[in-house]
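Got a structure here, written out as structure tokens. Questions coming.
Lettered A, B and C in written order, each chain numbered from 1.
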Amino acid sequence: MPILEASGVTKYFGGLAAVSNVDLSVERGEVYGLIGPNGAGKTTLFNLIAASLVPKPGIIKFNGINITGKKPYQVCRLGLGMTFQTVKIFANMSVLENVLLGSFFGSPKYVPLSEARKRSEELLEFVGLSEAAPTPAKDLTLSSQKRLEVARAMAGNPELLLLDEVMAGLTQTEVSEAMRLVNRIREQGITIVMIEHVMKAIMNLCDRILVLHHGEKIAEGTPEQVAKNEQVIAVYLGE
Amino acid sequence: MIETILNVVVDGLLIGGIYALIAVGLSLQYGVAKVLNIAHGEFIMLGGFITWTSYKVFGINPLLSVAICGPLIFVLGFVLHLALFKRIRMTSETEGAFEGNSMLACFGLMFIIQNVAILIWGAGIKGYSYLGFPVSFGGGAVFPANRLTTLAVAVIICIVFYLFLSRSHMGKGIRAAAQDPDTAQLVGVDINRVLALCFGFGALMAGLAGTLVSMCYKVEPTMGLEYTIIAIIVVVLGGMGSILGSFLGGILLGLIGSLVSHIEPGLTLASFYLIFMILLLVKPTGIFGK
Amino acid sequence: MILKSKRLFYLLCLLLFLLIMLLSPLYTSDYFLILVSNILMYIVLTVSWTIFSGPTGYISLAPAAFFGIGIYTSAIMGSQFSLPVILATGAAAAFCCALLVGMVTLRLQGIYFTIFTFGLVELLGEVVQWWEVNVTGTTGRIVPGTEYTTVYYTMLGIAVVLMLTAYIIKHSRYGLALQSIGEYEEAAGHTGVNVTALKIVSFAVSALFMGACGVIMATRWTYIDPSIAFNPLFSFLPVLMAIFGGVAHLFGPVIGAVIFSYLEEFLTTQFPYYYMLIFGVILVIAIVYLPTGLTGLIRKLGGRLRRRHANT
């Protein structure tokens, strides 16, 4: 059974279809890329999966459970973590508190303080932010804030992680670091769906890629297949 | 029957004109300067008292005192924005924080203006009679001339202002700032000046409304809050920040109020709140909003 | 280790202070008890306002509504019931009303929520006024009075329970979650926080204390009418006091409430005409120059001093 399944997912804003009739199916343990030109509907699709938006029509299943129409916190507690295109950290809370919140509320069972603290500290260690634990999150650099978002999203022990442009705006070395981080997350058995514009990262990390254009799925396959797809080439070169 | 309907409708239109004027002022302050001015009614009260003083003490015709009242209160609003809201805008982290903080500062202003007015004019009720003679309509409906005059003046002021916004250079700057302050700044609009101007114009319209109110009703230092609340209701009714919506909303609320007070006078204000709260829940963008 | 003994020291200080408060009716005048009861009332209103509005940033102007519900519960149940029963009923009524209001309004964003809550106070006032005039045929009601000491002890009890509740909430996971709502509501939801439920419940908990506070104050005032019970000042003052004191710490609102309620007492007796004027001036100054409140200012100064210390 695929971990994430979407069928016929559509979302209109006003009269415009931001996402139109998209089917996708992500297998457990894979890294699945989502690419497309600006305005292709990638982030809208993420918001639909994470239940910020409700598809109309369309059905999204997570672990075989229909999550269409559920609230974001419910989807999160089912095991779906996400990061945001523009970082949305809790700026005036400490770095540790940001992750603690995820440890407390991100999973369906009650987590005692000692366990949540231990989990959060491990995660900060994992993303390399241990030293920054007591500082207010707003004082971090952009790349650190993005890693903090990843740690927060992982705090609820998710099975699936949605990463929305975690590498945008980073320097070359930071991108390599982020790529290593994605690989390490995958080694923990977490499935990843990622939106990315950094092609090097997409091509190296992803098992399969879906290409969106004007809200529609125009191609899906391994990085090699997608790179050879004529329609994809036309879209990317034409724009 | 027809007489009653005519009475209710004309009565609603007469008060609706003043509501519209007040609401257009508030809409300008909130829509562009993002200040939800809880002290709006205080400027109306000031306008009323200035008119009363100039009529009673200096014998100036209330209609002419528009020329005194307007500039005075405009300057007051303009300076207040530069001295207060500009600073709050710079120290607030987000736009939401600015809206909250500036609204609270307005509560402070409300207390200040109200009590300064009590110190100057005393806490009592003041009034004068002007154009009090009746004008009769067909069908037996009779209305005092002063109320008819206020409706005409209110509509004229709104139209003049609408033309100013849509035609003049300054008006275009204001509209640009309302839509996108950052870009407006890039193309050379002095944003702080425009915001202060808007706040000043909003205050000006409240002041003029005060002049008109004083021609028909008594004025007292604590009269402001009721008008503020009506203005807020109308602005929500017409869609936050929409000048035309505020104008139509004002007329509409006048009609509703006139109808309810014909049936059960004690529940007029309560009906306003009820409409307002239902509207906030069902369509917070307003009847005429997008 | 040092932290622990410091905490113990604070706790002892608090207990000692509480003991003094408990014993004070024995050696002070009625005037003093009334004054302190009044200060306690503002502390209760302000701190309970801070429970919800402090961390989330949703500025509620509803305190007067819940306070007024308590007052009218007291007036209606009057002499037929004992005080604890009336207290419980008033608190429960305010709690339920807040639950209801919260369910319909808390999806409103920022300023709309504020206006709505303000409208609620005025609506309740108008409707009760109309009801009293047209149905019961009165304007005001007489509330059976109680002893000054009873009022004092009840208010003290409410304040202590409230402070404990506020402290527990603030230092629990729910306090953290409330703060995350204020920082980034959307992200809080995606991190697993049931945003809607948490907002509604904390809003209702804060209303509970306001209701209880209204019940006991009505027995001290003995005469009430809609314009006293639903006076919007009881919405404005708690907000002003909390912001003046600073909402980042629990003692900020307390300091704000103590200073302002004493100031009110002082100004109304000394300068009755300038009282609201001075209030307004302080409010404007507090917002323009003290956006983080008095406690924020003290912390900033403290930090500066400490740094200077470290440098030398």
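Rule of thumb we're sticking to: contacts are C-beta pairs under 8 Å (C-beta built on N, C-alpha and C of every residue); 3 or more make two chains touch, one makes a residue touch a chain.
Bear in mind the structure is a predicted one, so any value in this text is a computation, not a measurement.
Fewest steps needed to get from chain A to chain B, stepping only to touching chains, is 2.
Distance from each chain's C-alpha mean to the overall C-alpha mean is smallest for C. When C-beta pairs in contact are tallied for every pair of chains, the largest tally goes to B-C. On a Cα centroid basis, the chain most remote from chain A in this structure is B. Between chain A and chain B, the centres computed from C-alpha atoms are 49 Å apart. A straight line joining the Cα centres of chain B and chain C is 32 Å long. Inter-chain centre distance (chain A to chain C, centres taken as mean C-alpha positions): 42 Å.
Counting only residues that touch two or more partner chains, chain C has none.
By the touch rule above, chain A contacts chain C in their complex via residues 50, 52, 71-73, 76-77, 81-82, 84, 88-93, 97, 100-102, 104-107, 113, 116, 152-153, 155-156.
Against chain A, in their complex, chain C makes its touches with residues 173, 176-177, 179-180, 183-184, 186-196.
Chain B contributes residues 36, 84, 87-88, 91-92, 96-97, 99-101, 103-105, 107-112, 114-116, 118-119, 225, 229, 232-233, 236, 266-267, 269-270, 273-274, 276-277, 280-281, 284 to its touches with chain C in the complex. In the complex of the two chains, the chain C residues touching chain B come out as 57, 59, 104-105, 108, 110-112, 114-116, 119-120, 122-123, 126-127, 129-130, 133-134, 232, 236, 239-240, 243, 273-274, 276-277, 279-284, 287-288, 291.
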